[in-house]
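First the structure, then my questions, so here it is.
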Amino acid sequence: MSDLRIAVLGVGMMGAFHADALSSRIRGSRVSVVSDFFADKAAEVAGRVGGRVETDPIAAINADDVDAVLIASPGQAHDEQVNACLDRGVPVLCEKPLTTAVASARAIVDREAALGTPLIQVGFMRRFDPEYVALKKLITDGGLGNPLLVHCTHRNPDVPPHFNSEFMIRDSVVHEVDVARFLLDEEIVSVQVIRGVATSAAPAGTSDPMIVVFETASGRIVTDEIYVRTGVAYEVRTEVVGERGSATIGLDQNLVVKTTDGRWGGSITPGFVERFGIAYDIELQRWVDAARTGTIDGPGAWDGYAAVAVCEAGVEAVLTGQKVAVDLGAPL
Amino acid sequence: MSDLRIAVLGVGMMGAFHADALSSRIRGSRVSVVSDFFADKAAEVAGRVGGRVETDPIAAINADDVDAVLIASPGQAHDEQVNACLDRGVPVLCEKPLTTAVASARAIVDREAALGTPLIQVGFMRRFDPEYVALKKLITDGGLGNPLLVHCTHRNPDVPPHFNSEFMIRDSVVHEVDVARFLLDEEIVSVQVIRGVATSAAPAGTSDPMIVVFETASGRIVTDEIYVRTGVAYEVRTEVVGERGSATIGLDQNLVVKTTDGRWGGSITPGFVERFGIAYDIELQRWVDAARTGTIDGPGAWDGYAAVAVCEAGVEAVLTGQKVAVDLGAPL
Amino acid sequence: MSDLRIAVLGVGMMGAFHADALSSRIRGSRVSVVSDFFADKAAEVAGRVGGRVETDPIAAINADDVDAVLIASPGQAHDEQVNACLDRGVPVLCEKPLTTAVASARAIVDREAALGTPLIQVGFMRRFDPEYVALKKLITDGGLGNPLLVHCTHRNPDVPPHFNSEFMIRDSVVHEVDVARFLLDEEIVSVQVIRGVATSAAPAGTSDPMIVVFETASGRIVTDEIYVRTGVAYEVRTEVVGERGSATIGLDQNLVVKTTDGRWGGSITPGFVERFGIAYDIELQRWVDAARTGTIDGPGAWDGYAAVAVCEAGVEAVLTGQKVAVDLGAPL
Amino acid sequence: MSDLRIAVLGVGMMGAFHADALSSRIRGSRVSVVSDFFADKAAEVAGRVGGRVETDPIAAINADDVDAVLIASPGQAHDEQVNACLDRGVPVLCEKPLTTAVASARAIVDREAALGTPLIQVGFMRRFDPEYVALKKLITDGGLGNPLLVHCTHRNPDVPPHFNSEFMIRDSVVHEVDVARFLLDEEIVSVQVIRGVATSAAPAGTSDPMIVVFETASGRIVTDEIYVRTGVAYEVRTEVVGERGSATIGLDQNLVVKTTDGRWGGSITPGFVERFGIAYDIELQRWVDAARTGTIDGPGAWDGYAAVAVCEAGVEAVLTGQKVAVDLGAPL
């Protein structure tokens, strides 16, 4: 069987990372088209991974040498690009967010549903991380009894200055939104954001850290500490507390060193590549394998839509200080 | 120097535990008088540890063979008993709560202040636990930079049925109230309680677990998961997140066993004696040493009063679902 | 570039595992020929992964549709098969042992050296395991100072009855032989085996566990506890102790669960696939990438020869109870 | 009951530590006499803990104001001092070694046996450490099945220059000798010492680290890494490997800190006081409680004798490079 020919739209950090994987570590795929607003960036990546440059992303989606599309362009471009994929009926892996507005995300969900085949996978890679998979299995197998609480910790060592409180919700907390929905298998119905004193590393007006509190449909509570300028490393930890036990992942304990300062310990994963590199590859391989049969294998359009809706409520919760309800409208 | 002669008022679980320590592990002390509402209980303990039985606790406080008083009676009795100690001017170690009402606790604070000598120590033993002491030192030494968040986890394997949501605040969360004040060295100014789905082990109407959120005077956030029917063991964990690092205690990792079910791990401390037994002994030894010189060495009346006030707000927060402000009135 | 066409010789557990990887997870390779003494086994694997069955392994090595060879047949067959690969000049990945005798292993080393191109890679997969790689890097970077001691622990939950003391050396300890040479970058010059009381699960006459002690050319000591019937799980742990610190890998701490028996802990990897699955895939991918350019990328014939020689001494040490010297002859 | 009046013989580091404990943390005891070869040192300690100075240790043992004796003088003085305690029939806690020669140690064992009452306790404090106690209980309860191997790690950050290989056996390894006998409940029958390359911090001719291998009467193997100039901290770790599981203590994981160098970890106990301070206090309290009734409560003369005999064999093993048998003579 010949390799799946993929158009990669957007080759910033994330898109370039995926393009490299698709052309080196993933089996059965190759990058046939690279598209980016910055032509030189597109040319550089195409030169490295193979494939031709196509300036217009919509033309890339519709090109004869494209079997599937990976969207890693800025979020504002997703709506048009995902719809173009639906127009042509090609499988797409869309990095979060699905779109930047609740209505447009819902419209995509409904349109795909009308088509009758899942074509849209959303890039929530944590669902493929072996630790999250083990945690999900533990819950599903009943090892913790009924889950009552989820505690998430999401820390970055540093971020660009434009990461304000609102951005932290849309770009960082969105992962915990999907993790909570994935682990608990139900929707989030409200969001509250607790803002305290900020690190002096944060720009004025940005609450970093914040505590985000989600409530699910059945009344479970999910807490998320989001702190993106710790100066430490990349720390993503999740604890689920159930009626018959609790479980934690993200403890990051592998090589343990004892040193002449009289200390023991190890390195924390410095960034998302070290922490979730394997999850990304598993995600890509499974998507490629599925796309070759015309479908997807992972979180879909509804998951992308729900995340957009919860984050929209989260941003309102940041601004108002109130608990904000999430309304997902009619179920599919 | 002869031993400090101590009256122990109330010999339920806690009082009996202290009476045993004072007569076996603590140096320089002996139990001279035992008092309890239940005469047989008092007789049993006095028979074991030495000392005579005195039915009337106020008479015990005023007895010639008493140099200091340890109050472990029910909370409702504390107001009268502590005031009797102030009347006589003897050092007292009073188990929490100082009293059961904000006004009476404040009155004691003011009265002791007028006397000019600290006589009242409140039994917040965690301040003597080596791990909390190390964490406090780490903060004070600047090892974490400015502390921004404190995350507390307080889990009991089981509690009696009368432990409803209100009781959980007054009897369990009260420890984290003091821990937060101790670690951060400032007052708590508001309390919010987040109630989610409860374990099926909880009586109807009791929210177990709950998430309690404190805000401090400088705007720091403290979260506390309180869950007292986990069925697991006694888990008390505290994480402080600062501008330049974070630190966690209560990880409970000592003897590690690998077993034929293919698992590695260890025992969690089953109860407060295993977890805080050494802290209790250090607390008692330091109080005894100080009491022999007519004073105290540990958290005082103001700490007891602040805890009563915060818990009172916490109970209102449980009942109303609102964030409730704490007003401590004029500083001393 | 078209896929590398690989002949897989021997599709027992290990060979079938590799055949599956080469046809699903590894990029740029496909299994073109499958050969096994058991025709039905060969047919089953070929049916699953593609490729044709060829009964004669030497014919498979010489077939027109074969670019490279993976040898996973029984050790006794390796000598003839590896030499056939050298005859034809095709890259080969040979599972340990290189051969079953010191002289034949050395002959292969010399013959390959005469050819002038490395063609033989030996399947010591631990060199590709991220933890071993990190440990090696720590040593090379000087993080531990001069390494003085290596402590290895190698435990299997269970093995077939034919795993006697001699077999434990050849089949299990051989991994630590290579680990020690890899980490310390020098040869082993003597072996001693300390036999104590055996587990009742061991057949009569088999010393399980044993302590194997290696000495290196520069006088470093390596200890290896080999215990293959623990009834627990698959535990491979290595600690390096240097002049300026020590480091340990294999601690196996990921998902941590607290359970209603009052215990905390996690699962130990049940077998080699869970522990070293990723290392095997990295090994295969790098070998495939190198083989497409006619060479290898990993431990070579000399490493295979040295392991055979050390294990031969180890077996003599088991039988005699003496410290046995290892003589590798003239360096290349 | 009045306090036990104790003569402390030798107030170097260890004796002064005990004198402080007996006069502050231990209940029911006081130091009545202090004796040391250095008069000023004796005066300084007596000034701090109370008690009078008595230059002659034998006079101290026989003084009217002495009920029990703690011997922390240099090892060469122990034989005469312990025998003087037996002459008078007072309980004694003797720091290791019991004596410096096998014959004199055995003579003491036999003489005490003839007296019919245990009077001599030897200061193997690890038997009172909560972790060793838990490990012993785990073994006794059958939690590991039949113990097959014990692995000990004993590391000091630094030692004085006179700590040569022989001294390392007598002063450091002696602890693991007792630990092995305590945990396995049987005698050691042979010792082998494996000497490799030494740390550059070691004086010429001193093998630091060494691997000591003990064999027990039933054929169990005990390995001990002794390394006393690690430059790191004080690390004492013990793993027992049994037929049905393994267990490790000394993992030293309490306060865990994450820091801006991207690392997680904690402090290793810097010295013996931090690691075994509680064990020493428990040891002293139990000895004091027992001595008030004229006896001991801990490892006795036989344990001290066995340790002397094993260490003597260990020193011969260091010097000869051979496995040396231990002969304890007739059992009591």
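A, B, C and D label the chains in the order they appear, each numbered from 1.
Here, contacts are C-beta pairs under 8 Å (C-beta built on N, C-alpha and C of every residue); 3 or more make two chains touch, one makes a residue touch a chain.
Since this is a predicted model, take the numbers as computed values, not measurements.
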For the pairs A-D and A-C, output the one whose chains share more C-beta pairs in contact. A-C
With centres defined as the mean of Cα atoms, the chain at greatest distance from subunit D is chain A
Subunit A and subunit B have mean C-alpha positions lying a whole-number Å distance apart equal to 43
If you average the CA atoms of subunit A and of subunit C, how far apart do the two points sit, in angstrom? 38
Rounded to the nearest whole Å, what is the centre-to-centre distance of subunit A and subunit D, using the mean of the C-alpha atoms as each centre? 57
Going by the touch rule set out above, which residues of subunit C reach two or more other chains? 230-232, 244-246, 253, 256, 258-260
Residue positions on subunit A within touch of subunit C in the complex are 24-27, 130-131, 134-135, 138, 143-144, 244-249, 251, 253-260, 278, 285
Along subunit B, where are the residues that touch subunit A in the complex? 146, 148-149, 151, 192, 194, 196-201, 209, 211, 213, 215, 218-221, 223, 225, 227, 230-232, 241, 243-246
Help me check something: in the complex, which residues belonging to subunit D touch subunit A? 157, 231-233, 235, 252-253, 256, 258-260, 262-268, 270
